[in-house]
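Think of it as A, B, C and D in the order they're written, each chain with its own count starting at 1.
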Amino acid sequence: MQVRPVDPAAQVSIEPSALRDALTFLRDEGFDFLVFVTALDRPAEGVIELVYRLFSYAARVPVVVRVRVPRDGGRVPSVCDLYRTAEWHERETAELFGVEFSGHPDPRRLLLPDDLEGYPLRKDFTHPNLKPLPEVSAE
Amino acid sequence: MSEAPAPDLSTSDEFLLNVGPQHPATHGVLRVVVTMDGEVVKDLQPHIGYVHRGLEKLFENRLYEQIIPYTDRTDYLSAIANNWAYVSAVERLLGLEIPKKVEYIRVLMAELNRINSHLLWLAAYGLDMGAFTPFLYAFRDREEITVMVEEASGGRLTTNYFRIGGFTRDLPASFFPHLQKFLRRFGRAVDELDTLLVENAIFVARTRGVGVISRERAISYGMTGPCLRASDAPLDVRREMPYSIYPSLDFEIPAGRNGDTWDRSWVRIEEMRQSLRILRQAAEGFPEGEHRVRVPRNLEPPAGEVYSAVEGPRGEVGFWVVSEGGRKPYRVKMRKPSFSNFSALPEILRGLKIADLVAVMGSLDLVVPEIDR
Amino acid sequence: MQSTLHRLLYDTGTLVDGWRAAAHAGWGWPSFAVDALFQLGWAVAAALFLALNALFIIWFERKVAARMQLRRGPNRVGPFGLLQTLADTGKLLIKEDIIPSAADRAVFRAAPFVVLAATFLLFVVLPFGRGLVAADLNVGVVYFLAVGGISVVGILAGGWASNNKYSLMGGMRSAAQIVSYEVPAVLAVLSVALLAGSLRMGDIVRAQPSYGYILLQPVGFLLFLVASNAEINRGPFDLPESDSELVSGFVTEYSAMRFAFFFLAEYTNLFLAAAFATTLFLGGWRGPLLPPVAWFLIKSYLVVFVLIWIRWTYPRLRVDHLMELSWKVLLPLALLNLLVTAVLVKVL
Amino acid sequence: MYAPTPPRGILLVLDGLASLGKGLWITFSAMFRKPITVPYPEKRVVLPLRFRGRLVMPLDPEKGDNRCTACMRCVKICPNHSIDIEKARGADGEPVPKPASYRYNLGTCIFCNLCVETCPFFAIVMSDEHELATADPSRLVIDLAAEKYSLGGKKGAWWQKKFRGEEP
């Protein structure tokens, strides 16, 4: 996964266990705005890569924190108490990618119906209603 | 969307009230389960996802060009802002240099869109508060904008105007005469709406001091846009992460003092006036030049990732696009303002009255498809 | 000798009394039967007026609201859309009458009729013209206020019987609101009664100077207008219905004809509030040239226009503000007004 | 204007009453303005040239036929596969650059205009037809090639203008 960050944001990759410490540190350093939490599925490497994007209103700089967890049984600590907005973002990420946020106060599904199986944003997700566009050849 | 544990109703005077999914105040399909004690809101539990369409999954399956019309439909009131956020993300992935004229057209369109959206908010909020007349006054002015946008793009709501690299079609000849007419007239129209609704004593009594959220809490909840600025936080993507020609334009970021419902209303009214200033400047300095840059017919951005945000009418509209090469994006994450703004509702509303539920929810200016995506 | 038509228009009371006397003397019926027949005549006339008035007033409100909102309003059915309400009524009558399965059926069915009956009863004491009144009771004003309060029973019953939380809240709000605003309304009316020295509607009209009591009792008039506007549950006091909060309040579960009855009662109440204000403050049927009935209707519809105008201008009050307005503002004002009036009447 | 400290006491009351009066004046004066609505079926607004109604494939007046070459570009760009083209085949069975059928699904079309913009031959265009409701779902799939949409008639001038505006 060689990503060329077009973004000017500083990229920090850390271990899941260090996530809370890192975000606490960043928050206290002025990164008070959690822009979003999401993830990337990397099936080739067998990991889900969680992405936390922070922004500091004081310094006007963004920073991206990345955490890699295994696809099966991936688990990271919740940061709901550091950033209130993380509560919904984590619920969304949990149901779409199948990552567990331990210590989340309200780990219900947010967007998806209760009876949906699987994690839709994983690359190997299949559903009868999910049809790719037909490949068209111009001959 | 599973149920929250219900309070023990056999031993208390509390009762549950289901606001939505079909309720006049929800402006779309969302549900708020309110625990009430008489008319007082004890607690509430938002339920969303009724119009979740899995757009982010869909995007992984679409060409870069094909995504643009879908971005319209995430937030039908600010199609332009969504177009812009997405298009600029892809442009930055491609490393395109955008001509000055394109930026000017984009600013013009985005500010028209902002006024358009705020007017619709005002109209709908008037309805929420029981005043029907401002609705039609707002629609009168909104119609002028919609016509201008329609002349340029062909669409009224789902404009699908922006393209990667510029525009397919330049602004039509009729655009600037219409804009001038609008600029001449609209200042008075805003004042009229301001007097009729926002300055009205009944409205002020219902909104001032109601639904207060502090600056710290608002930022912690990830609130952006007018909802954040009402809490004495003049923070705006146009200033904090400057893009396009905004640094060269002269405008103010209005900010409220108390973070209450009235401040959120006032900020939007004032933003319309500021947008008007921006429109005047952009119309004055409108440059000659190309309305697009040539891009290859088959777009294949190099591998990379980019987050691009613009200030939409509801706050920070951001698209995080990850490319691994190829004609389809690897992942598109939409960062939508209503999602974060709405998540603060329980905190804002606890302890207020059922009538305040409507006032506060309306003041957050929610667009449900944007929350659910 | 004036023509019968002229007398019917300008001096209805004597004419009808003459007919009645003639009937008593000449028909040879038992006396109560003749009286009953004449009263039935009044009732039919009132019912007819109620229906026509509602048709007109709904059209009038829609047209005025439309013009205030830069719209055209109803313009399809009949000239200027005058028959639009008739078409709507027809639609409502043939719609399905839905009763929620968990509703208290008997009460649910009865509620609209209670509201409409209470409204209908008010026509008894309303003087449309000189003597053009079903019964000019000597406690007419009290009757009007007391019977007007009955409709809250119907609204509360309807809200309760629907077995819907929104309906119930609407009904409760309505009860609280009508009870609260009854007080300032009564006090405002009392000051008029003090001036006139009578509670009979006809006497009050006759006792007024040609310009009406509005100039002597401007505060009383305003108080009465606000309070009665709140009592008839119209904007900005339409909290029992408040469609954005309570969906439709007490009428949420009603449909078809029963809904139409609530609607009819609401618009008739609007007219009645205006008519009462006309009688008490604007000199009732009195006025130059035109027949008394015409003057009465013109003045009443003018007040109706003002109420419509207010409704389509303001946002809705919040429920606690509503109570505050009644108890903390209107009531002290009304008491003060009454006191000043009483002192002035004694002194002058 | 933003008033950080609202007026107090009697000033607040007067301020409030003034605001109520101003509101009444605004609605009253509106009664004497012209209505802004258009009584729709009788009167219609003039649609702008770029209006995006349903897709049509007009006949080229010079050629007497449509301009489609069945190049499939529109099929490929359509975000939700609302267009399906079947290529025509000549007498020898070889494909010829003509559509045998051009099935356009009105039910799924989102009127995004991408197909029109991508077409290299200006063969298709979004018309001003916008009253598209139908009770019969089968009418939602239209074969544009068989339709023989003509640019003449009452709308001829509008079309000519639109086409001139569209073509470089």
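Throughout what follows, contacts are C-beta pairs under 8 Å (C-beta built on N, C-alpha and C of every residue); 3 or more make two chains touch, one makes a residue touch a chain.
Predicted, not measured: the structure shown is a model, and the values here were computed from it.
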**Asked** Which chains make contact with chain B and with chain C at once?
**Response** D
**Request:** State the chain with the largest centre-to-centre distance from chain A, centres being mean CA positions.
**Result:** C
**Message:** When contacts are scored as defined above, which chain pair ends up with more C-beta pairs, A-B or B-D?
**Reply:** A-B
**Euclidean distance of C-alpha centroids - chain A vs chain D, Å** = 39
**Fill in**
chain B and chain D have mean C-alpha positions lying a whole-number Å distance apart equal to 24
**Item:** Intercentroid distance (Cα basis), chain C paired with chain A, Å
**Value:** 63
**Message:** Two or more other chains touching the same residue: where does that happen in chain A?
**Reply:** 133
**Message:** Two-or-more-chain contact residues of chain D, please, as numbers and ranges.
**Reply:** 20, 23, 26-27, 30, 36
**Of all residues in chain C, the ones touching two or more other chains** = 68-71, 312-314
**chain D to chain C touching residues, read off their complex** = 20, 23-24, 26-28, 30-31, 33-37, 39
**Complex interface listing, chain B residues touching chain D** = 62-63, 65-70, 73, 133, 136-137, 140, 143, 147, 150-155, 158, 160, 168-169, 172, 174, 192, 195-196, 199-202, 204-205, 208, 254, 256-257, 266, 270
**Item:** chain D to chain B touching residues, read off their complex
**Value:** 2, 4, 6, 15-17, 19-20, 22-23, 26-27, 30, 36, 48-52, 77-79, 110-114, 117, 126
**Message:** Under the definition above, what is the set of chain A residues touching chain B in their complex?
**Reply:** 2-7, 9, 32-36, 38, 40-41, 51, 53, 55, 57, 60, 62, 83-85, 87-89, 96, 106, 108-114, 120-121, 123, 125, 130, 132-133
**Request:** Name, in rising order, each residue of chain C that touches chain D in their complex.
**Result:** 64, 66-72, 75, 309-310, 312-314
